[in-house]
Amino acid sequence: MKTRQVGDKESLFHFWGRYLQKVATGLVSLLSGMGVTIRYFVSPDKIITQQYPENRENLQMMARFRGHLAMIHDENNQHRCTGCGICEKACPNGTISVLTAKDLAGRKVLGRYIYRLSQCTLCNLCIESCPFGAISMGRDFELATYDRQQLTFILNKTQGGK
Amino acid sequence: MGVGGASGATEQVAEILDKFPGGIRLVDSIEYLVAWARANSLWPLVYGTACCAMEMMSAGSSRHDWARFGVEVARATPRQADLIVLAGTIVEKMGTNLVTLYEQMPAPKYVIAMGSCAISGGPFYYDTYSVIKGGDRLIPVDVYVPGCPPRPEALLYGIMELQEKIRKEGRRNPWKVGKVLETPFVDTHSLAKQEWLTQEEKKEDEQRLARARFKAENPDYKPAKPQRLAKEKFAAMPRIPPRKSGFTNPSLLAAVQRAFPEVALFRQPEITPATVADLGPEYILDLEIGPEQYPDLVRFLKEDQELGIDLLLQVTAVDWQDHFDVLVQLLSTRLGHKVFLRCPVSKEQPEINTISDIFRGAEWHEREVFDLFGIRFSGHPDMRRIFLLDDFPGYPLRKDFADPERVVKRPY
Amino acid sequence: MNQLPTEKIFPVHNSIGDLVRHLLPGSAEYVNGFLTIASLLLVVALLPVFLIWLERKVAAHFQARLGPMRVGYHGLLQSTADGLKLIFKEVLVPEGADRFVFFLAPILPASATFLVMTILPFDHHLQVADPAGGVLFALGISGLSILGILLAGWSSNNKYSLLGAMRSGAQMVSFEISLALIMLLIVMVTGTASLREIVLSQQGTILDWWIFKLPFLGFIAFMMYMISSTAELNRAPFDISEAESELTGGFATEYSGISFAMFFFAEFVNMFVSAGLAATFFLGGFLAPQFGIGPIDAAFDFIPGFVWFFCKTFLVIFLYMWFRWTFPRLRIDQLMYLEWKMLLPANLVLLMGAGFFLAMGWTL
Amino acid sequence: MELQPVDNLPEGFTRGLNSDETSEEYFLNMGPQHPSTHGVLRLVLKLDGENVLEVVPHLGYVHRGIEKLAESQTYLQNIHLTDRLDYLSSHFNNLGYCLAMEQALDIGVPERGEYIRVMVCELQRIQSHLLWWGVTGMDLGAISTFLYGFKEREMITDIFEEICGARLTMNFFRPGGSFADVPDTFIPRVKKVIERMHVALDEYNTLLTDNIIFRERTRAIGILSREKALSYGCSGGVLRASGVSYDVRRNDPYSIYDRFDFGIPVGSVGGCFDRYRMKMEEMPQSLRILEQAVKDFPEGPYRSKEQSAYRLPQGSYYSQVETARGLLGTYIVAEGGAKPYRVKFRSPSFSNLSTLCEMAVGHKIADLVTILATLDFVVPDIDR
């Protein structure tokens, strides 16, 4: 569309020609736009909504999804954490408190592993830094609560060592 | 039911109606209906400060579609919204606005704290001077959705939790404005450690007896050695320095020295094109100049056609404890080379003249340096703080900045 | 006993009419009047609830999602939940607002649309009133909703709502002109201003509908009617009065609870009314589409008239929704340019064309 | 027209109010919570009716002090902070920071690691452009474009969730590569995204780009001349729209971008439509890069030797990355300890937004919204 300099005399015929041409192209662009949306309207197979509460059974999180921190326990509730505290140092937000105790043999063992999900940013640095592979990312996401205190978990079920 | 403030009235209504034969059942059915209506038509306010807002938007998008829950008509005005999702970090300057927004919303209003920032300050828990550690220190929060950012499904689960809470409302527990958290902001991490240590001390003496007995029974007990995770070993790779375009450092230095003989190189005692050459192609020329010649050098770098430096990257500062360094970083879009320029400023009288008349973009950068370092730029058209409130005590990015009331030091 | 106009509406009314006439011989006139108004009020109450649900479902399917699903089957109870919640919301009046005008404003659009509903010809005899100047009545009353929006904007003491009201005032007044000219064209061609006669003038095959009758003027008139009525409704590409992204809430920024619900419902009833007028003028109101092929025509004739009226109206409503969920918004000066420099001259040319046909005496 | 200086002008305004019979000026606060300010940016406008006379942006409503926080965390812990800078291009921020660390510690990246970096970054660019396109359409009134944009964006978010477990704040790159290898479903998913994106881009162009209402709304609005763009330090789509062909991927190549051939769209007038066109033409170029990368995706290690503690030697290091919004510079001053002495992020949106006062004067409020949409800024990236 040639850009018109202000003031140059344009014959009425040119003006109407440009005017109708603009109306025509405008209408064609509007109709083709409507064509796109009607295609979505008439083809319900293009709907991509995953109905969350209804599809709860077969809703599978990805393998590496980072929902919250969890401590790996084998069948008789033993975990591999030795209370070394490397993950506590690696965490940028002070989310993890590794509280150690002495077991009968006088060895430093894990007493309580406090994990504050309210502060955790799920950055995965603790898991990468753990030399014993004791912690991993749990994959459930339904963790909403009514009060803040319920977001502080104690991850280890039993005290380490004997 | 009834407006939060007028809960007294609902009790009177309840007594009157209870005497009628069908009264209780009538009131209960109305309560159930209204609670059902409120639960199923939560209109969220268009409010989102940071990353969680993106997940809130994708919760509203086609794949997760919170319109299925009746949470669709996201209203921009607080008057027509009855749910505010705190999606993102709440900063002190935004706090007052958030409270006014909450007060502008009509009575039965609900708040979802989404993401670690809104629950407890999350990644900005330690060492930040401007973040409010948790939304419930400002407005009462109904549901906390943890995550950083939480998945859209997690937000939908939070909304369903909120709907459960609303359905239980009625005469017995009418909607009331919730409580705001008043407990002073304290470092929970070191608090938990002290608590545990005191608890350990108490158990220490009888623990020692048990340990002595155990050592007596099996003296040669060898604790099992924890086996370490076998981590994948990778070979160290030599780094291929990327190809640099534009003038090489020696030629740049020569060009600058011709016009400004007493220009110096930062932390390089003697400056000859030869020594600069062996600093390698990746080294970006880091000039140092006195405050009086500083604007002229910047003007020279910009006007000199042959050098072709035309883009101002940024103006920033570094606090070296005894003095400041104001840095200007320039770039040539035509040729691709970069030049850094720094000018020392004394701590007692932090004053330097502005270059916003040469590069218009420097205006905001200099306001930011003034805001965070306290270095004034004489001749600046609008010398005001850019990020913080005007009455903020002190300049945060200085090394000696301490504000115990706002900042919690990182314990480790 | 001559048939009371309202008694022709439904046979069932006749039995009610006989019962009433038997019990209170003198008062048949008023009871039947009350019955029609009550049934029309019922329609006006149910319509927005259904239309809001329809809009949200149609919008959802346009955007490849599902829309309300969990509140009743496929979200059918969603708009009742919205309405009930809005009723029980705390009503806030901003400080410094003019209380009386603040609460008067939502009433005007609702009552304006209800008044125009009374003259819509749903069926041969299903029409509350059929004034001779039906078209003029519709035009005049629709001016009332402009007043409502202006009052709302001015009285809520908020710069955003004032801006929204000024914009919508300019927009609706100027598009009123092109709406009037198109209606003038229809009145000129049909020779009568009563809606019922306009519909009856389109009897015969589908080609006798005004959209197809005039060689191609009818289709252009229909398109221009759609453009100007969309602007009249503050919808779709012309929703600059409550532009979500510029003026947050537009003229209704300060309204919460029941007063906002009235604006919200009036907007949807208004949409039904202007779609009904479009069906009456261009698509042959309650007349069944006749194609000239025996068995189909007979089958279509069997379906009662008001079903056809509702089908055509919902077709036009679907068009409105289609516009809304496809086009970006126009700016205020582009809107004025569209009306004064494009629609107005086109209307006048159209009128000249129709006049030319009439003057030449071609059979219309 | 003489101006009566009003004494209590809101801060930042220079010219006084002028209320005579021709014009009736007033101040309007487009507050921190507004649908079209993409987050919490507050604009105070001086209006005469609908025309904008002066715009004063107020920043800092999401200033979290990331640079102060970065000084008290170790280098590795800062990587996850960079995600929260410009959360729509978190891979770019991580990459910028890791490049600076690699320059300091002289860490190399294996072939496969470089390919993963390029592919993941280009996917992030498309993902960010899709959200930008949707929000631009919504700001201009076409609400369905927002939902269409997100439809394709979810496909890319799934890829990111599969490789690193997070949808938005990835924290995927480490100095020397990434913290985990991409699963073998990565390449098929990328292929699916490529062919779906070609179809989707045609739909988007018919829906918005060719739409005459959109063309009228963005034609000759917010013109930014070449000199002004350079003087304000703009970068990315805003700079290229004004005719300066500068793209870090080609003018100052990092990683292995010099192996791929892709075009850099350059505008002419520098108006809103040019900025829009820049981003719309960048997406097919990113798809071209992805196609070439998928063709010869190598096997082998995905990262180089992981050091136990990253202690950068004394000195200052600077790296540049072309994010979806422009040039992100990461400047680290190290004093040899485990924690950086000073970290400065040169954010593209900060300089791009500073041109708003120049461009918006004389337009209507609706045009201001269009300018804000095509400037494509992210507020936490401005406030840091």
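Letters A, B, C and D mark the chains in the order given here, with residues in each chain numbered from 1 onward.
The rule is simple: contacts are C-beta pairs under 8 Å (C-beta built on N, C-alpha and C of every residue); 3 or more make two chains touch, one makes a residue touch a chain.
Because the structure is a prediction, the values reported are computed rather than measured.
Colleague: Tell me which of A-B and B-C has more C-beta pairs in contact.
Modeller: Pair with the higher count of C-beta contacts: A-B.
Colleague: Once you find the CA centre of chain A and the CA centre of chain B, what distance in Å lies between them?
Modeller: Going by mean C-alpha positions, chain A sits 18 Å from chain B.
Colleague: From the mean C-alpha coordinate of chain B to that of chain C, what's the distance rounded to whole Å?
Modeller: 50
Colleague: When the C-alpha atoms of chain A and chain C are each averaged to a single point, how far apart are the two points in Å?
Modeller: The computed centroid separation for chain A versus chain C comes out at 45 Å.
Colleague: If I count partner chains per residue in chain A, which residues reach a count of at least 2?
Modeller: 30, 33, 36-37, 47-49, 51, 53, 92, 121-122
Colleague: Please output the residue numbers of chain B that touch at least 2 other chains, ranges allowed.
Modeller: Residue numbers touching two or more other chains: 61-63, 65, 68, 76, 123, 126, 148, 151, 410.
Colleague: Residues of chain C that contact two or more other chains, please.
Modeller: In chain C, residues 62-66, 69-70, 244-245, 248, 325-327 touch at least two other chains, as defined above.
Colleague: Viewed as a graph of touching chains, is the assembly arranged as a line, ring, star, complete set, or other?
Modeller: complete
Colleague: Which of the residues in chain A come into contact with chain B in the complex?
Modeller: For chain A paired with chain B, touching residues are 47-53, 59, 67-68, 80, 82, 88-89, 92-94, 97, 99, 101-102, 104-107, 111-112, 114, 116-122, 130-133, 141-148, 151, 161.
Colleague: Quick one: which bits of chain D touch chain A in the complex? Just the residue numbers, please.
Modeller: 73, 76-78, 80-81, 83, 144, 151, 154, 158, 161-166, 169, 171, 179-180, 183, 203, 206-208, 210-213, 215
Colleague: If you look only at chain B, which of its residues touch chain C in the complex?
Modeller: 1, 3, 33-34, 36-38, 40-41, 61-63, 65, 67-70, 72-73, 75-77, 79-80, 82, 104, 106-108
Colleague: Applying the document's contact rule, which stretches of chain C touch chain A when the two form their complex?
Modeller: The touching residues are 58, 61-66, 69-70, 322-323, 325-327, 342.
Colleague: Please output the residues of chain C touching chain B within their complex, sorted ascending.
Modeller: Touching chain B: residues 56, 60, 63-71, 75, 77-78, 80-85, 88-92, 244-245, 248-249, 252-257, 260 of chain C.
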